[in-house]
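The first chain written gets the first letter, and so on, giving A, B and C; residue counts start at 1 in each chain.
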Amino acid sequence: MIPRRTFLSSLAAGAALLSTAVGALPALAADPVPATLRLKWLPQAQFAGFYVAVAKGYYKAEGIDLTINPGGPNILAENLVATGADTFGLSGGLDSVFAARDKGLPVVCVGIAHQLTPFVFVVRTDGPIKSIQDFKGKKVTTWFTGANHVLKAMLTKAGVDPALVDIQPQQVSVTPFVDGQIDVVTATRYNEYYTIKTRMGEEKLRTFVAEDSGVTFPRDTLIVSETTAKEKPEMVKGFLRATIKGWQDAFKDPKGAIDTVMKVAPTLDRAHQEFMLTEVQKLMTAGKVKEDGLFWIDMDAVKITQQLFLDAKVIAKPVDLDATFNRSFLEAIPVAERRP
Amino acid sequence: MSATAFQSPAARPGTSSFVRPLLRGVRSLAILLAVLLAAEGLIVLFGVKPWYVPRPSLVLNAILATPEPYVQGFLRTLAETLMGFVSGALFGIAIAIVFFRARVLRELIFPVFVVSQTIPVIAFGALVVLWFGNTLLAKAAISFYLTFFPVTVNALLGLESVDTRQEALMRSFGASRFQLLTRLQLPAALPQIFVALRLASALSLVGAIVGEWFGDTVGLGVLLLQGMYNENVVGIWAAIAMCALLGTGFYAVVAAAERALVFWGAEQ
Amino acid sequence: MNQTVAPARSGRFAAGFSRATLRGALGMVLLVALWEGLARGLALPAYTLPSVSAILSSIFEHRQSLLAAGAYTFAEALMGYAIGALVGVGLAVVITLVPVTRNAIVPVATSINSVPVVAWSPLILLWFGIGMPSKVVMVALAVSFTVFLSALAGLDRVDRRSVDLMRSFGAGRLAILFRLRLPTALPLIAAGLRVSTVRAIIVAIVTEMLGAYDGLGWVIYQAVLQVDFVRVWSAIFVASAASLAFFGLVGFAERRLVFWK
């Protein structure tokens, strides 16, 4: 059934191509232009707004025929966007954008979804850790994909030498933390934290937040290639407008948004997805978003994060911030339309 | 069914060829049911937490609760597997014939093939997406990459095992090279080829599943990943069950084709 | 051509070996030249395809960390390989000694194997964690079935009349196993072991890429996230070399042990 559908859609795409080739008339330009969005991960409520915008035809209304391609382990949105395999990308975050620019990939960040660090460090309330100073000598697991630098920065600010903390790469599973084998675990607010909470109970958990230590690490960045930014600015604007509308709808009607997501990935756990959307909304509407609108690029936060990566020597030299971050596409949309 | 493949040919009766497999099928099903029931009982008895091993009934419930992704995933993965398997098998046999005929080419290219097989496919997932996009073709390509090599090796082995006296005899009757190939060499190589095809049936499925890890929405590989990263152990088991169904079914079909075509016995 | 092959057969290791090796080397050189030419000629960026020279110089530059990662992966693969081989041969021997168990072991082994090995990886990672144990288990799982099937085929291959003959002289099952069955089965077991080498390393790497503390798969995973594709290819090259070395080693041992083949 699916193969036939793809076959039919490719037939349709072929026909569309043919029709644009044959009749290069301006009247036909109203046909939506095919484009793709590469997500950073598998379909889930973290990306609800995009799915809502597709379902409600917001992209079509902007003249974009958008296909959402999920991510997965070992594929990188920056790479696929830079090479033109995908038009848009919701990529890892400032970490991956900086790394990509550092390695010379021609990608431009046109919006940031999560304004705050999306993960927290979790300990048990009945354990020995009451403050960050107590991390000393304890077993901490974290992701070595950026979260480790946030952790080290938080430790350093608290006057703890990171070398004195037993930092290990984190499991796929939170079970070692639940079983008490490790003292501190890293958890995204919308995913792992939910799993830990449902297994242990929220009252047994204490969390440490990066922003409390003056560190920040915005993630889930919207990227396009330099070529797209230069040659199709209208398409980028249209994409952003439709995306923002999709997210506004998702926040207004979370139930409907989860329905849309569950249609894409029916094996997901509904309760978890509802929790995820609530948390994602907090991350996306934090900071300056109330005034400046969704997906706003807060350059102060960007600079803090860049310093973090320079200190950790993840990037060799400061990147060209003006070339890497482009707010003009967002600014082209009236700010009233962008507010959550 | 593989049990029969390794029994001595003498133990395989020629008659009642339809009843036997049926009986075997019924017996395997009975054993499977017994094992599942035992697992259910033991898990309840020892109070095993569902995030280690869930009860089989939970897994079944999970599939029945949302059958659509499992059925669609099964069909999608099956299509990718078949595409990879068929193209891999045909290419494998064709290249074996080329190598068989042209020794120079074989010595030039074969080592490259060997080296290519030492590369973990998953490592260039990004490249595959880059080259083929998110299409069926990308998965079929990976599946093909894993499939063709064992077929080439075994087909070559089979072609070279042809009795030179028979070859000389056919030549003396004026058989052309093409006739030699289709009448003598390929039939003689068939048992060896089928040994590889049975192996390739499993490998092509692996290729399809791994291919689905590079960003797709439908497929058993997608369900496996979703289960893993959401720590949904029941979901993982449900996907594994579907993989087992697909793997066993495909293997059985290849083995049945082998029994039908290589009636003169597939001794290794 | 045929005439030259016939006399060369006696001195297969001298003449035939070197000529085939020469051509094989030539094939590899051509491939490398083509690759280098494509990467340089089209000025492909590293994230599409880096040139071989860039990869090799990166390997040299990072030789220490790559060697350490390679050793880690190799250790995992070797441990899993040893366990898998023992389990595989052991099960086949058990079946031969106690034939009743065949009906239990073969269906269970077949059904475990009918699930592609990679499908077990999420579960194994959740159960055994992302350290070494999960990789060892995965490799053992992948290796044991291949070895089991080839060992069983080998043990079954024994001529019934020879068994009857030994029995008539009063030989017990164990004696028949060690004197007759195992020596007969050895070439097939060795072939199974040889095929499993490459698989062992690939499975270790694939599992590492889904979660690990160290190893080549971990290097690849990290390098992808840091958009360092030269490093990805460096790790792939090292992995490939390790597989070939492992394959060669087992092949060498096989030629030594199974000299009558």
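Please note the rule applied: a contact is a pair of C-beta atoms (placed from the backbone, for glycine too) under 8 Å apart; a residue touches a chain by one contact, two chains touch by 3 or more.
Predicted model only: the values in this text are computed from it and were never measured.
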*Return the chain whose centre of C-alpha atoms lies at maximal distance from the corresponding centre of chain B.*
A
*More C-beta pairs touching across which pair, A-B or A-C?*
A-B
*Chain centre separation (chain B, chain C; CA means) in Å*: 18
*asked:* Report the inter-centroid distance (CA atoms only) between chain A and chain B in whole Å.
replied: 38
_Where chain A and chain C are represented by their mean Cα positions, the distance between them in whole Å_ = 39
*What are the residue numbers in chain B that touch two or more other chains?*
51, 122-123, 126, 130, 225, 227-228, 231
_Junction residues of chain A - those touching two or more other chains_ = 73-76, 79, 83, 172-173, 175
*Residues of chain C engaged with two or more neighbouring chains*: 48, 122, 125-126, 209-210, 220, 224
*Would you tell me which residues of chain B are touching chain C in their complex?*
1-3, 6-8, 10, 28, 31-32, 35, 51-52, 103-104, 107-112, 114-115, 117-120, 122-124, 126-127, 130, 202, 205-206, 209-210, 220, 224-225, 227-228, 231, 233, 236-237, 239-240, 243-244, 247-248, 251, 268
*asked:* With touch defined as at the start, can you tell me which chain A residues reach chain C in the complex?
replied: 73-76, 78-79, 82-83, 92, 95-96, 99-100, 102-105, 144-145, 168-173, 175-176, 314
*Touching chain B in the complex: which residues of chain C?*
1, 19-20, 23-28, 30-31, 48-49, 102-103, 106-108, 110-111, 113-123, 125-127, 149, 152-153, 156, 160, 188, 198, 201-202, 205-206, 209-210, 217, 220, 224, 232, 235-236, 239-240, 243-244, 247
*Can you list the chain A residues touching chain B in their complex?*
1-3, 6, 36, 38-39, 41-44, 69-76, 79-80, 83, 85, 172-175, 191, 195, 264-269, 272
_Contact footprint of chain A on chain C as seen in their complex_ = 45-48, 122, 125-126, 129-130, 209-213, 220-222, 224-229
